[in-house]
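A, B, C and D label the chains in the order they appear, each numbered from 1.
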Amino acid sequence: MFDVPLFLTFAAIAVACAINLVLQTHPISSALSLVGVMGSLAVLYLLLGGQFIAAVQLIVYAGAIMVLFVFVIMLLNAGAEKRPSRRVLGAAVALPLLFTAAALGAVMITTQIPKTAAVKFGAFQLGGAASIGRELFTRYLLPFEVTSILILIAILGAIVLARKEI
Amino acid sequence: MPFQLPAEVPLSWYLILSAILFVTGAAGFLIRRNIITVFMCIELMLNAVNLTFISFSNALGKVDGHIFSFFVMVVAAAEAAVGLAIILTVFKNRATLEIDEVSSLKL
Amino acid sequence: MNFYVLSLIKAALVAVVLLTLCAYLVWIERKVLGHIQLRPGPYRVGPHGLLQPLSDLIKLLTKEGVIPANVNTFLYLLAPFLAVLLALTSIVVIPFGPEVEVFGVRTNLGLTDLDIGILFILAISSLGVYGIAIGGWASNNKYSLLGGLRSSAQMISYELPLALAIAAPLLIVNSLSFREMVMGQQGYWFGILPKWNIFAAPFPQIFSFLIFLIAAFAETNRIPFDLPEAESELVAGFHTEYSSMMFAAFFMAEYANIATICFVATSLFLGGWTPLWPAQYGSDFVPPILLGGAGLMLLYHASQALRTRKWDRYSFPVLGVVFLGLAALFLVPALKPVLVPLFWFAAKSGILIFTFVWIRGTLPRFRYDQLMRFAWTFLFPISVVNLLITGLLVALT
Amino acid sequence: MQHLWLIPALPFAGFLVNGIFGRRMPKAAVTATATGSVLLSLFWTVKVLLGLGTLEHVYLERYFTWLQSGIVNVSFDFAVDRLSAVMLLIVTGIGSLIHIYAIGYMGHEHGPNHGGYYRFFAYMNLFMFFMLVLVLAANYLVLFVGWEGVGLCSYLLIGFYFLKKSAGDAGKKAFVVNRIGDFGFSLGMFLILIHFGSLDFGSVFGKAATMSPEASAGIITAICLLLLVGATGKSAQVPLYVWLPDAMEGPTPVSALIHAATMVTAGVYMVARSSALFELAPVAKETVAIVGLVTAVLAATIGLTQWDIKKVFAYSTVSQLGYMFLGLGVGAYSAGVFHIMTHAFFKALLFLGAGSVIHALEGEQDLRMMGGLRSKIPLTCFLLFCASIAIAGVPPFSGFHSKDAILLAAHHHAPWMFWVAVVTAGMTAFYVFRAFFLAFLGNYRGQGHPHESPPVMTAPLGVLALLSLVGGYFDVPHYLEPMFHGGHAPHETSLVVISVAAGLTGIGLAFLFYVAKPGLPDAVSRLFGPVYRLVYYKYFVDEAYDAVIVHPARDGSTAVLWRGVDAGFIDGIVNGVGSVARSVGGGLRQIQSGYIRRYAAWVLLGSIVIVAAASFLGGAR
C-alpha cells in the first residue's frame, strides 16, 4: 500500500544525496551525502525484501566504511576543493557522453524489462539471514573463504601502507 | 488522462534509479578532484550496482543477487581499507589530496 | 484494534517513558555518584532533588543556543539531532515483555519484532558515531575535532568485540530476533536456575556478557572509556562548543544509549523479562513486597520526628501511599501478566544502569593508546576465542 | 606382488638423503646411507629372485599409466626375466662391492666436505637407481629413462673433479658422444612405436614374431640399426668409442662401476633384450658382429701401446665390449651376456686393483713410474694377477669360459671372425700382462713410498678375485638358453686349444718383452716406427673427429648459424619488433598521462561503446 510512496521518497532522497555528493566541494559534506544515499538504499533493500542485506548495508557501508572515510577526512583535515578546474575539457566531453549513456541505459531498461515485472512487497521471502547464510556456506563457500583471505590481505596491506617509514 | 501512480513499483524504476546513481557516481569521478571524493564516487557506483543485484534477485526470486552484493560489500570494505591507507600515505608524502597532482605514474 | 493505532499508542508510551527515564537517569547518576563520594547529591529542587531534571530542562531550554562563528551551520545543527535520533531509534526492537492481553487486545510488549532485530541494533549503534564525529568536526574547534576523531576510532574498534560478543549467544539461540532470543532463554535448570544465556547450556555466555558490557562502556563513551569528552584533556571533547538544548540533546543521547544498551544486554544475556526464579516459588510477589516495603518504610519515616526538611512532612506520606498503590497494582489479576514481566525487565536493566554509574564513580580513565591496545590486543582476541569455543560446543551438541 | 620398485627405490632414497642432507651429515652417516641403501637393494634383489623361483615366464609389475596420448600409451612397468635377473645380480652385486671399496678409496679426498664425499656417494646411488631402472624396465621408454639417467650420472661422475679442466672436458665429451647414440636410440624407439604401436617389450616382440619377415624386413633392419647406434654410443663401440678412454678422468671406483662393469654393458643388454628384433634383421645382426669385431681389434691394438694403467684397462674394456657385440652379432646372445658377467668380475677387479695401485702410489698412473711393486703391495699384486689371468683366457678361469663361448659361436658363424678374434685375444693377454709386468716386476722406478690399501678396499677385491677365478662355472648360457633363439655352437676342442694358445702366447710375449729382455720393446717400436706412432696416438681418431666433424660444425655454426641466422635474422626480427614496439609505444605513451580521471574517462568511453554495440548489434533480441 505504501510501496510506491516509500519508493519515491527514498529514491528521491538517494538521488538528491547522490547529486549533492557530486556537487559539494567539501569532502565531509560529500561523505555525509553518501551516507544518506546508503541509508535510503538500505530502505529500498527492505522494500525489495532484503532485510539482511539492508542491515549489512548499514553496518558495513554506513557504519564502517563511511566512518573510516569521515575519520580520514577529519584526520587529514581535508579542506574544500579549490574552485578553478584546469581541465574542464575532459569533463565537457565526458559528461554529455555519460548522460547519453544513461539515457541509452534507461531506454534499454524500459524496452527490455517486461512491463508486468513489478516488485511486490513481501513477495520475496529469501532475504533473511537464514537463507543467505545457507547459500553462503554451501554453494558460495569457496568465494566466501576467498573473500576472507582478501580481507586478511587488505588488513596487511593497510598496516604496511600506514607504517611510519614509508 | 492524469498521471496515475501504479499500485506496485515496477522493476524498471529500481533499475533506472540504479542507473541514475551510477551515472552520478561516474560523473563525480570525472569532475571531482579531491581523491577522497573520487573514492566516494566509486563507492556510490558500487552501491548502484548492488541495487541492481538486489532488484534482479527480487525479480528472479533467487537469493544469489544478495550474495553477490554481499561480496561487493566485502570487497568494498577491503578496498576502502587499502585505498584510505594509500590516501594517507600519499598525503603524508605529498601533502595534497588533488588527484591531478598525483600523476607521476607515467612515462 | 487497528495496527497503526496500536503502534502509535505503544510508540507514544515508550517515548514518554524513555524520555522521562533519560531525564531521571541524570538524577540517578548524580545521586548515586554523590553517595559514592559521600555527599548527598542534588537535594534542593523537590524532595531529595527529585524535581532537579525538570529544572535542568527549563534551564537548558531557556538558555541561549550559541552557534560559533565559522562553523558549518547545517552540520553543526544536524549533529545533536542525529545523535538523539539514532539513540532513540534502537529502542523499537527491544521486547519489554511477552505477548499479553490488555483490555481485550492481544499485543506484544514492545514496539516491533524484526527478524533481524539484533542486526538492526548493530546497524543503528554503528551509525551512532556520526552524531559525535560530525559534531566534533562541525564545531571548528581542535578539542572538538580531537574528540570526534577519538570517538570514531574508538567506536569502530569496540564495535568488533561488541558484535562478536553478540554473535556467541546468537549461536546458542539460533535467531536474530530479540523476542525469539528471550523466548529461547525461558525455563529453569533443575527447576530453579534460570536458563539465561549467561548460564546457557553448552557454554555459559558469561564471557560474552562481560565483553559486551566492556564494549558497551566504550560504545557509549562512558568512563573508563570517555576519551571523546575527557575534560582533563579536551575541555569537554566533542560538545565543547555546544550549549543549551543542543548540549542537552547530546546529553540525552548518551543516556538513551546507556538505557538502550542495558536493555539489549538484558534481552541478550539476562533472559529479558524472565523472573529470577520460577513463579511457583513466588517470584510474582517480589514486586509488591519490594514496593510495599518501600511504601511502609516511607510511612514509618513520616511518622518519626526524623525530618531534615520541612517538605518531608508532606512528601514522605504521599510517596509512601504512591508506592503502596503501585504494590497493589501488581496484585490486580488483570494487570499482573503485564506488570510483572515489565518489573523484571526494569529490575535487570536498572541493575545494569546502576553498574554504569557505579563504574563511573569507581574507575579512572584510560589513556588513549591503552584504550586502543586493550581493544585490539585483549578484547578482540578473547571475543574471537569465546565465539570459537561457543561455536565448537554448539556444533558438538 | 614382489615390490620390484624397492630395488631401484632404495638407492634413490639414499641419493635423496645424501644429496639433500649429505652436506651437513657426518661422514659415517653418508657412508652408511649410501652403502647401506645399495646393500639393501642387493638383499632385496636376492629376495625377489628367490621369491620368483625359476622365472620360466616374465614377471611383470604394473605401477601407473605414465603417458597417454594418441597412439602413445606408455605405462610405468617393471619386469624381471632371466636376462634382467642376471643383470640385476651383476649390477647390485658389483655395485655393492664397489661402494664398499669406494669408502676406502674416497676416504682420503681433501677439500670441503672431504672432497665432495657426500656428492660422490649421492651420484653413485643415483647411478644405481637409474641402472636398476634400465635393467628392470618393461618397455623401451622406461629403459630409455634409465639409459639417459645413467648417462647423466656418468657425466656427473666423470666430471667429479670438476676443477680439473680435463675432467670437465671428458665429461662433456662423454655426454655429447652419448647424445649421438641416444639420438639413434630415440629414432629407433619412434620407429618401434609407429611400426608396432607399442613400446612394451612383450607386445613388440610378440608382434615381431607373428609378422611376416619379408613385409617388415626393411623397417626392422632400420629399427635395429638405430638401436645399434644407441648401443654403440653407450657401450663405446666404433665409431663412438672415443669417450670411454677419456672417461678415466673420473675416480677409479667410477671407472670400475660405470665404465667397466655396468653402464657400458647397457648397450649389450639392450641389444640382447631386443634379440627378437635382431633375429629378424640379418643385416643389422651382421653389422653388430662387424662393429664388435672392429672395435675389439682396434681397441686392443691401442691398448698395446698405452702407458697409463687406467687407459690400458679402458681400451681393454672397449675391446672386451667389442667381444660382447661380436657374440651378439653371431647370435650367441647368452654368450654375450655371459661375457658381460665375467667381464664385470675381472674388469672391475682390474680397475679396482689399478685403483689400489694408484692409491698406493698416491695418484701415480703412469706404468713407467711403477715397477717392482710385487714386494711392496703383495696383496694387490696377487689380486691383479688373478684378474689378468682371468681376462687372458687361461683355463679354467672365468674369462676363458665366456670368451671361448663367443669364439666358438664366431667360428660357427664365420671362421675369419674367429681368427681375427683369436689374434685379438692374444693381444689382450699381451697388453694386460704388459701392464702387470711393468707395474709389479722389475725395479721400482718411482719416488713415493707405496703402501698397501686398507682392508675395506682389499676385501671387495678379494671377493671379485674369487669371482674372477670361478665365475666361469656359473652356467649363465644354459640359464639364458630359453630366452634366445640363437643356435648353439658345437664344442670343438681344437678351437679351444687354439684360443688358449693365443692367450698363453700373449702372456709369453709380454714376459719376453718386459721382464726377460727389457730393451726389446723399444727396438720393436723403432722397427715399426710409423705404425707404432699410429697406434700410440690411437689411430688419430680424436684428431680426425676434430678435423672432420667438430671444427666444420663449429666453424659452420659460427659463420652461418651464429653470424647469419642468429645475429642477422633472429636478432633482426627481435630488434625489429623491439624498435617497432618502442616507436608505437612512444606514440601511445602520450595516452598515459598519469591523470587517473582521464583513464577513467577512457574506461567509461569503452564501456559505453561496448554497451551500445551490444544493444544495437546483438543484445536486443
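Couple of notes before you dig in:
Please note the rule applied: a contact is a pair of C-beta atoms (placed from the backbone, for glycine too) under 8 Å apart; a residue touches a chain by one contact, two chains touch by 3 or more.
The shown structure was predicted, so the numbers you read here are calculated from the model rather than taken from an experiment.
Looking at the partners of chain B and chain D together, the chains they share are A.
Note on interfaces A-B and A-C: more C-beta pairs are in contact across A-B. Of all chains, C has its CA centroid at the greatest distance from the CA centroid of chain D.
If you average the CA atoms of chain B and of chain C, the two centres end up 37 Å from each other. The distance from the centre of chain A to the centre of chain B, with each centre set as the mean of the Cα atoms, comes to 5 Å. One inter-chain figure worth recording: chain A and chain C are separated by 32 Å, centre to centre, where each centre is the mean of the chain's CA atoms.
Mean C-alpha positions place chain A and chain D at a centre distance of 73 Å.
Multi-chain contact residues of chain A, defined as those touching 2 or more other chains: 52, 56, 64, 68, 75, 87, 90, 94, 98, 101, 105.
Residue positions of chain D touching 2 or more other chains, listed in rising order: 595, 597, 601, 604.
The multi-chain contact residues of chain C, meaning those touching 2 or more other chains, do not exist; every residue touches at most one other chain.
The set of touching chain pairs reads A-B, A-C, A-D, B-D, using the touch definition from the header.
On the side of chain B, the complex with chain A involves touching residues 5-17, 19-28, 30-34, 36-37, 39-41, 43-44, 47, 50-51, 54-55, 57-59, 61-64, 66-67, 69-71, 73-82, 84-89, 91, 97-98, 100.
Residue ranges on chain D touching chain A, taken from their complex, read 595, 597-598, 601, 604-605, 607-608, 611-612, 615, 620. On chain A, the positions that touch chain C within their shared complex are 26, 28-29, 32, 35, 42, 51-52, 55-56, 58-59, 62-64, 67-68, 70-71, 74-75, 77, 128-129. Residues of chain B touching chain D in their complex: 26, 29-30, 33, 38, 99-100, 102-107.
Listed in rising order, the residues of chain D touching chain B in the complex are 589, 592-597, 600-601, 604.
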